[in-house]
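Note that the chains take the letters A, B, C, D, E, F, G and H in the order they are written out, and that residue 1 is the start of every chain.
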Amino acid sequence: MSGALVIEVERCKGCELCIAACPPRVLEMSREVNATGYRYPILHPGCTGCTACQLVCPDAVFEVYRLSSG
Amino acid sequence: MSSSAATSGLELLEGSTAIARAAITAGCRFFAGYPMSPFTGLLESMARLLPGSGGVCINAQSEIEGVNMALGASAAGARAATGSCGQGIALMQEAIAETALNETPLVIFNMARNQQDYFQCTRGGGWGDYRTLTLAPKDIPEAVEHTQLLFHLADRHRIPTILYGDPLIAQTRIGVRIDPLELPPLPAKDWALDGSRGGTGHSRQIWTWAMGKATDPGPGPDRHWQAIAEKFERIGAVEQRSEGFGLDGAETVVVAFGSAAKFTAHVIEELRDAGHSIGHFRPITLWPFPGEALARATEHARRVLVFELNAGQMLDDVRQHAADRSAVLPIGGVSIHESGLSYGPLLDVPVIRERILAAMRGRRRLAARAGLSAGSRG
Amino acid sequence: MEQEVLIAGIGGQGIQLVGKTLALAATLAGRHAMLAADYGGEMRGGPSQATVVVGDAPLRALPIVPAVGAALVMHDRFVGAVPERLRKGGLLLVNSSVVDVDAERAARYAYFELPAIELARELGAPAAAGLVMLGAFARLSGVVELERLVEAMRSLLPPYREQHAAGNATALEAGWAAGADRSATAAAG
Amino acid sequence: MSEVIATDRPPEGAADRVAEFRPSLIVGEHSLCPGCGEPVALRILLETLQELGIVERAIGVVGHGCYGSFVRIMDVDVLQCLHGRAPACATGIKRVQPAAAVFTLQGDGDMVSEGLAEVLHAAARGENITCILLNNGVFGDTGGQQTATTVLGQRTKTSLDGRDPVSHGHPIRIADIVAGIDGVGYVARGTVGTARGVARTKRMVRSALETQLAGKGFSLVEILTMCPTGWFVGAPQGPDYMEQSMARAYAPGELRVSLGDER
Amino acid sequence: MSSSAATSGLELLEGSTAIARAAITAGCRFFAGYPMSPFTGLLESMARLLPGSGGVCINAQSEIEGVNMALGASAAGARAATGSCGQGIALMQEAIAETALNETPLVIFNMARNQQDYFQCTRGGGWGDYRTLTLAPKDIPEAVEHTQLLFHLADRHRIPTILYGDPLIAQTRIGVRIDPLELPPLPAKDWALDGSRGGTGHSRQIWTWAMGKATDPGPGPDRHWQAIAEKFERIGAVEQRSEGFGLDGAETVVVAFGSAAKFTAHVIEELRDAGHSIGHFRPITLWPFPGEALARATEHARRVLVFELNAGQMLDDVRQHAADRSAVLPIGGVSIHESGLSYGPLLDVPVIRERILAAMRGRRRLAARAGLSAGSRG
Amino acid sequence: MSEVIATDRPPEGAADRVAEFRPSLIVGEHSLCPGCGEPVALRILLETLQELGIVERAIGVVGHGCYGSFVRIMDVDVLQCLHGRAPACATGIKRVQPAAAVFTLQGDGDMVSEGLAEVLHAAARGENITCILLNNGVFGDTGGQQTATTVLGQRTKTSLDGRDPVSHGHPIRIADIVAGIDGVGYVARGTVGTARGVARTKRMVRSALETQLAGKGFSLVEILTMCPTGWFVGAPQGPDYMEQSMARAYAPGELRVSLGDER
Amino acid sequence: MSGALVIEVERCKGCELCIAACPPRVLEMSREVNATGYRYPILHPGCTGCTACQLVCPDAVFEVYRLSSG
Amino acid sequence: MEQEVLIAGIGGQGIQLVGKTLALAATLAGRHAMLAADYGGEMRGGPSQATVVVGDAPLRALPIVPAVGAALVMHDRFVGAVPERLRKGGLLLVNSSVVDVDAERAARYAYFELPAIELARELGAPAAAGLVMLGAFARLSGVVELERLVEAMRSLLPPYREQHAAGNATALEAGWAAGADRSATAAAG
């Protein structure tokens, strides 16, 4: 299965919980910071749309999609 | 009930039961309390009577539980009450202040052991700027009226209100009638929590800090507490109640409240019959203290005698409002029954008569000893 | 005019029940009644007393009744308080089965006595001595009719004690009858 | 793994949205610390209310702690009550509105320290309410002092060298106690440190509310939540720290179930 | 510590820590409390410092636990204290009254969020006739002194005593010296429980009702509570403390307490420099209220302005003691920081100056609005 | 069986006195009801203090209930404390006088209703104190209302038709809860309805105090006591009633022991 | 074994707990009442000095002796 | 004469630590110091400010300091409050790495700027920009000597962060040096 995300980087507080939670490890923290000074996750290829990142994120940064054609 | 009693309409009821009946008549549908003499009888009466009237009575496992249950029931829109006395009311102080500051109506029955809890009723030991509207009935028929009035006032102003009773009111049995009091209608409780606005962006909130919702912001603590203070100021102006007799030009005015005022009134009637220039003033609301009426009543008085069965608590209010502060003299005092649960020997007609006469003979020093005063000049 | 009566005895003699019966009977009769609160316990052997006030208008009596016009004394152990509170000339009815009042004292009151325990025992209701006294007192004082007393007594009995109703009624009646004959109760005093 | 996928807007082709940012019942931003577990618990609670279709009869009673500020952003009727007293307030509400779905939201300081009596008495009363405990083992809101659930050895501002049983006593396993009380319908303990934990905890919250709706008595879900600030660890270390300290003292799982085992 | 600091003797301490150090200097050996801002810092400091000084600090699991633990420790002879603020102190009311009535010394640190708890400190919401001796320091150095004095007075009179602090005292850091206060010696606590008299027929007892033992009867509640009331009356007469400046013949007297008095004093110095006839009066003890001193201070005043950050609580005391009650005007008010945890914008030099000047210009109505008064004439 | 033996003075021949009226630490008459179990509990407690030789370092903390009046007749140092708070007061005493033998005397209303939080927190703290609970399942002193330990079906003045789980909830088995808390050294439940029960309960009280003296943590003895007045039964029926109601809900026995099993 | 008792009848409150507690059933309630109106136990032959009565009595009415020559 | 300084920035910049270091340094130097309480949180991204007052006698300053003689601005997001509180002519030192002050405004003060973040990064102590500013401020204002700052900084470091001591000291020194050269910090203003 293949997934896609919307990441609202401005809401991120850089806690990195999503990074460890992602089973295929396709999230990584940015080098840049958002307006309040936090680094945030960026997505590399391989997202399965499993929603783990959304489940653990305290700051409602993720929206997860599953692409219909795997 | 036999036909004559039916005609007279009188039922022989213990004060506690009469109050419970009055509360139910007033629409009380939730009661929670914890036993403590002499409040216990009211709890027992509620446990006996409320379920049959479509209400709920819970024998809470502590006063703190009880008052917070009642707060919850009231937040959900029911007329709700709790009660206790002395120590138990002390434990409720936090919650009583909370109801004042988050504007949840609540009736508290302080079936006190004596009159030592005047400060507790009128100043409270909660936190923040709040007051508790307190009625001090002089006897059971008046308690029946006051009970109904307190539910009304609690709802009307969204405040905590207190009935300051005592063992004589709680435990005496008299023939009494529970007549519903005529009171003006009140608006619906559109602030009460029922869940119905969930998800609309305007769900309800009861919160001392009044911050509101992100979608529907509230004033926040600064403005909200200022508004609360102003509300209490308004209530303080409009809800003062008192009564008196013989005040016109009286040289001596005796001030007393609650059951004790029944005794002082008795003595003063005797003294007036004997030709003395003496009048009687009874605050019915302890807060708001009927200061304006007292000021008028004492305009021509040479002495204002305060009889209360404590070390001098109402004294604070009398000193603030009597026309001439320096004329105020305490003639009451601490007096406790050997059981610890009621009044001691001071609540007695001859004793009171003697104290009043002594004060009228100018024996100020003696009488003043009974008072607990902070080095006042008054 | 208000009538006050002090009922005094020891715990176990049913003093409170006598007080309640009287106050309720008066209420049932459409009169105003008050039963003052009592702070002693009801422990057997301890003092027990009840004060009842009856009148035809809302009562002016205070809830602590310092002086009474009548007293009903069930036990000599606690007869002490009576002289302090009973007005001179007041009605004094004593349970002569256990109370001895000297002549001098008796002379100060409208004095009556009744061997209530013996009477009750004879009626087969040994626990109802208080009601015998009450019946007599009602007749002597005119405070309330016998039927009201019986009605009040019945409505105060809890369901599990209904079997006592008949005996209690007999006791009230016997007292009432004894009270009719003022000379039968009036002592030499 | 250097390619970066665009995440600033939804994908273009055919796609199902399988997870929203947050339920629509959260109507504003919270201000809790980075890595805090409490907002996660809030989310699953509110999602469950929606899924059960009981939003319009839900009434929440919220205690004092960091989660207290959720009162501003949760779009359900809420009584913000005194510290520790939520189960008593909830009792009053439920008794006069039996059809409402009444829940409390409390921390360990709120429920297990200050409010221990209230929650246990409500449980013994078999009160038909659902209590949600956010257990992070510290008073987070006041800066990280020892609560009744702080685990042995944990450093807090009032147990500077770690909680020592001799001076500071032992932690209270509240869910275990409640599970042993008659009148209780459902008790479970979950965590929000992992995605699996979050999903499982959400099922527990659902079971608890279903227990209430079925009138089966008191229900409690204890949720272990990260408090990196009060634990004095970095936000990323929160879940691991929790695994090694709290989750050892407080084993997750269902402790009492009285509805038929639908799951 | 560097040599210069050693010379000056100053240490940079947060107020909470300074108070903790002062308490330990005063011999406090037991402390129990429950976190609540801004009291939390004191609890943390005690937890850090007390064990190393041979004492015990317990992070209690509620305020009720905390105060009762402290009561127990004190009953066993230790100098003991607890603390909290607002709601937490409300929960302690029952126990505070208890310590007053059973004569267990106790020090309570009310590190309040603001000045809305004046009634709570001075009247309490406990039960019975009791008072709590309350010191309201204006800043940290004074709090360091007051803390030591409170332990002394608590033991000397066997009463509960309160330090009424606030966030400015709790959370500001300043360079301060913890000098031990010279205080007269006190008798040994022969009333304290240690078990040693068990079996002698004269074992000890601490009991609010003071019934004593069958072998060694006590006075019982009636006489005991009368004695307590008389004791408080005596304390009320001897323990009044206040300070002021510019009072000699001042036309306007401003009354304020605690941190707020630091602000008013600042303004009044400015106004005096500008030639205004204005003086400053600061009650240091809130109970006993320094009524005699205030009466003297206001003898020639045309107006007595009360600045307190609440809806008008000290006002009750000022009205009772100012030479002319009708000259008393409230100029303070409710003012809360948006966090809910501290003072709002009213505690500000220009605002205070403007309010004083407005009152001096005779704009009485405007200023009076801030007060919560029960329809008083004053 | 009609011969009556003189019992107005000690026997004349050689004889050992094997039981005194009461320990010398009871210095006056109590005023409790006929058939009340509380004075029996007081006696065994004070006898045990004497037998352990700790009278001169014993400090009692007594709550509010009918037993409260024992403060007048027990010749040991006593703090009469607020309703429910004895374990907190005892903690303060013990911490500043670690060598003292500190015990509380509390009723079910005192300990399990009003003071539930205090006793559980003291237990979890592993506080070295001994709590004696006189459990009669009612508020005796206030005339017989329902407490947290009133058994199901029992009629009280606030559960007139018997305690009904739906309206009034379930009883709390406090000894069981305490036995499950870390930090606890000894927990037992006894009765005073029979002579054997009294003797056994006395051994429990001894074990509890020995646990304290050995520094093994919190100890609790729950003693089931008759309250014929509050149960609305005749005094002679007290023990039977207890056997059939309370003793069924609350099984007597030792629930937690940490000292070597000397018995 | 054989026992003897002292019974302080004036302290008795008539609860009858001792009656049921006595294993050989040698205690019986009196017909007479004491000064406060309570009936009290009287002893018939057969006391073993087992102390059961003293153990259960709430009112400290009993003192128990064991006779040396059983 | 009392010197007041406002330190303003956002959470995460170590504002409170800078304030504590300055107040402690002054105390160690035997002077009277105060660090006013702060009610904002220290949450990253939120406003953070500290006010320090230093003097040679017991301070007369109020614990809420309405007007200051100097300000040290670390982040432009919260520069807004400064003009309200900084007296005209007061010392204004800004972190020019992130703060832009227009010439007109700068002209009202004794204006200085320092690219503190770049400086700190160059020193290998990127988190110590605040201390660079503090060093410069101490030199410019003469409020306290460098050694005292270093001593204070060291004593405020918790044991587990001692490895930062050297870097922090370097930062203070660099700031101190920069402050010496008034022209190096003074902007065109």
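One rule holds for everything that comes next: contacts are C-beta pairs under 8 Å (C-beta built on N, C-alpha and C of every residue); 3 or more make two chains touch, one makes a residue touch a chain.
These numbers come from a predicted model, not from an experiment.
Within the contact network of the assembly, the step distance from chain A to chain C comes to 3. A centroid comparison over C-alpha atoms places H as the chain most distant from chain F. If you compare F-G with E-H, the chain pair joined by more contacting C-beta pairs is F-G. Look at where the CA atoms of chain C average out and do the same for chain G: the two points lie 38 Å apart.
With centres defined as mean CA coordinates, chain D is found 24 Å away from chain A. Here the spacing of chain B and chain F, counted between their Cα centres, is 39 Å. If you average the CA atoms of chain A and of chain B, the two centres end up 61 Å from each other. Counting partner chains per residue, chain A has residues 13, 38 touching two or more of them. Multi-chain contact residues, meaning those touching two or more other chains, occur in chain E at positions 56, 61-62, 87, 94, 98, 209, 337. Counting partner chains per residue, chain F shows two or more touched chains at residues 29, 33-34, 82, 113, 116-117, 121, 148, 168. Looking at the complex, you find that chain E touches chain H at residues 1-2, 4-5, 7-8, 10-12, 139, 141, 167-175, 259, 262-263, 266, 337, 339, 341-343, 347-350. Residues of chain C touching chain B in their complex: 20, 23-24, 26-40, 58-60, 62-64, 66, 148, 151.
Across the interface of their complex, chain D is touched by residues 3-8, 11, 13-17, 19-21, 26, 28, 38, 42-45, 47, 49-69 of chain A.
By the touch rule above, chain B contacts chain F in their complex via residues 34-37, 40, 43-44, 47-48, 51, 56-57, 59, 61-63, 87.
Chain F meets chain B in the complex at residues 82-84, 109, 112-114, 116, 139, 142-143, 145-148, 157-160, 167-168.
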